[in-house]
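As structure tokens, here come the structures.
Look at the two complexes coming up: subunit A is in both, with subunit B in one and subunit C in the other.
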Partner chain A sequence: MLNALRRCAQRLMSTAAQPYPYSNAAIIPPPPAVPAPAPTKAGKGLMAHLPQRLLTPEKLQLLARFGKRHPERILPGSVLQVTTKYAPTSFTGVLLAIRRRGADTSFLLRNVINRTGVEVQFFVCSPHVREIKVLMRAGGRGSEGRAGPRMRRAKLFYLRDAPDKMTAISAGMRK
Partner chain B sequence: MLRLWSLGTRSALPRCRALHITAVNNAVAEAESSTAAVSKWTPKSVRTGLIARKRGMTVMWDSYGVRYPVTVLQLENCQVTANVRTVREDQSEYHAVQVAASDRPAKNVTKQMLGHFDRAGVPPKRIVKEFPVTPDAHVPVGTTFSAIHFVPGQYVDVIAKSIGKGFQGTMKRWNFKGLRASHGVSVSHRAAGAIGAHQDPGRVWPGKKMAGRLGGERTTTQNLAVVRVDSELDLIFVRGCVPGVDDAHVMIRDAKKKMTQLAQHNHAKGNVDKVLPRGLVDLPFPAGTKELAKALPPVIEAPSSRVSDPFVPRE
Partner chain C sequence: MIGLKGTLNVIDNSGALLVECVNVLKQKVNNGWGSVGDEIVCVVRRARPISGQASASAPKVRQGDVRRAVIVRTRKAVRRPDGRFIRFDDNAAVLLNNKREMLGTRIGGVVSADLRMKGWGKIVSLAPKVV
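Then we have the complex of A and B:
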């Protein structure tokens, strides 16, 4: 009898407090800062608008720096230092390639550690990536990091077979 | 844990056999709102599905930071055009909800279909499909569906016409292994090889796997998890891939294996906790409509399907 009363009280309290009654594990994220433009309701420009709806403003700013038209965009050939939440907590390397896919944008860093070439692909919008610092920018505009030579390619995969060029880049960093 | 569907009385539903399509001539429209009470989802109910458009794919990260691909499906004025009730020769009943989506200019619609849409009170549409349901799951004609119909955390089956690949060889079409790349094989590295025996049977079996047209046919991808629902833009995010090209029409319904079947079996066994997937309490019944969406938050997300953090090493 008492158990039934207790359950009744719990039931009343739970339905009043629950904003979403169909699932008790659902997450209700905060409403997006920018309202959706009208054409997206019909599907026009929806996929391009989605990163703004799904990502935080900090991640959107970071994503913009990896775009093609940002005034202080990060160019391949730059040396970046990435701080992450889990191991390896920090990784420095030459930016070999930027793979642009909206929210799935990623970049490839290469470094030679203990005479072993190591490449790591980082996803810009991943919650693990805490900070990206430019140590040397490859010819772009901006004040972050030291100035470096502009690369004439978008993808620097030839550096995998050119250890002398890798050492030249690291020498340029140390100078 | 409160389960509203378990409180209702068990009504003897009319004998409703395995649901399959029958002639439209026998179909009789369901009576409009015959019951005054709002129907509730029960483990034996089968809800209607929706028709959406596949807009593309993107990626999301869950609460642990695990990356997973998602397909974005958008409802385009998905409305009910009819409630189908057919009585078969052996007196069993077939019930279905006919759903239409994507408005179309009236000048491009045949007179017959214009009359059909007029009767339903909806603008002319591009695609009309029906979803077999149980008799308690009929939806009033003219109701506009919302993405709220699906609950983040549930599983769905997505049906669409797969991408056409044209005339394809046996290696791609039937996963044949082909022949060797060298060691004397002449001019037939991707060929099918032998297609039969000798004088017995002296013919090729009907249905022999051979080269031919691949793709462009109805394909079902089962048990995709719904991870996010956005009722402002009518978006349903499902985890994984979905057949079809971008902007193709897809049919989405509750997963037959992970939702309908499990609900019925666990309810019969008495496992009240396993009737719905983890975290789910109830499903919008008979359907998630625009009116219901106004009372609920605009964006709802499912928690991670994982139990523990995969990035923290276990002891």
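Then we have the complex of A and C:
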């Protein structure tokens, strides 16, 4: 008797269009106040839709420049300067690697400071990253930065063991 | 990730050159591994030869001394709160006495900015470059 009363109350309070015809005990949740956006229903799912929705257009443009198909894409071997919102605000370095994971895309910059190598990994879509400036591009097309030699690798981890190549890059920058 | 037997370069002018970690202090978490800003107990493995002069920059420690130190650079990447990861090419430390004061007077080399967050502002202010 109490159960029947509870069921009645639930059904009265819900804004469901029709009750479930095969069971009295089924609870039909009301439709969401904000309907699901059309792209999520196109067959790709929520995770593919979120980067378009949650990232600003500037961040999406920046992400595209780190992609593989952009005409002015940033190539490994370029020298970048990253400005962030929090201290230390600026870091300059050679781009060693780009880790492409959609919204989690990150890149690794290497610099030699006071005879010690320092590597920093920045995440492109982080709101703390204010600006990425290309000081020297490694081959490729583009107007930003001076032209530098094209690297024949996607990941330049060999530069960790080659301090003379790092000095050559910095000498090229200073010239 | 500095633990037992981990070696660190010393970057102050206390006279030690290389220290070996013996114990990481105050580590109930992190499984006993030390990172930037953690205090360790260490043994001086290599030190600058002590001459007879008593100058201000005379070495204050000799080989075999057991001292405390704070880790200022690690080869293992350390995550900053804003999401960046920082990694150096070597492990480095600055020697301390039992009261968390520096033994040396100058620091020669870059240090990690995570030290400021862990309360080592004095070391950060003495360092020539903080990254």
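In this section, the second predicted complex is superposed on the first by the 128 of 175 C-alpha atoms of A that agree within 3 Å, B and C clash if a C-alpha of one lies under 4 Å from a C-alpha of the other, contacts with A are read in each partner's own complex, and residues count from 1 in each chain.
To be clear about the criterion, a residue touches a chain if its C-beta (ideal position, glycine included) is under 8 Å from a C-beta of that chain, and two chains touch if they have at least 3 such contacts.
Keep in mind that what you see is a predicted model, and the values were worked out from it rather than measured.
Here subunit B and subunit C are compared by how many residues of subunit A each touches, and B touches more.
After overlaying the two complexes on the shared chain, residue contacts for A:P88 are found with subunit C alone; subunit B is out of touch.
Residue contacts after overlaying the shared chain place A:G102 against subunit B, while subunit C stays out of touching range. Within the superposed three-chain model, A:H128 lies in touch with subunit B and with subunit C [touch as defined at top]. In the superposition on chain A, contact of A:S143 is made with neither subunit B nor subunit C.
In the superposition on chain A, A:I27 makes contact with subunit B only, while subunit C stays out of contact range.
On subunit A, the surface patch touched by subunit B in one complex and by subunit C in the other comprises residues 85-86, 123, 126, 128.
Within the complex formed with subunit A, the residues of subunit B that make contact are 1-2, 53, 55-56, 58-61, 63, 65, 67, 72, 74, 76, 151-153, 230, 232-235, 247, 278-284, 296-303, 311-312.
In the complex of the two chains, the subunit C residues touching subunit A come out as 73, 77, 80-90, 92, 108-110, 113, 128-131. Here subunit A touches subunit C in the complex through residues 84-88, 91, 113-123, 126, 128, 160, going by the rule given at the top. Of all the residues in subunit A, the ones that touch subunit B in their complex are 10-11, 14-15, 19-29, 31-32, 36, 40-43, 46-47, 50-51, 53-54, 85-86, 101-104, 123, 125-128.
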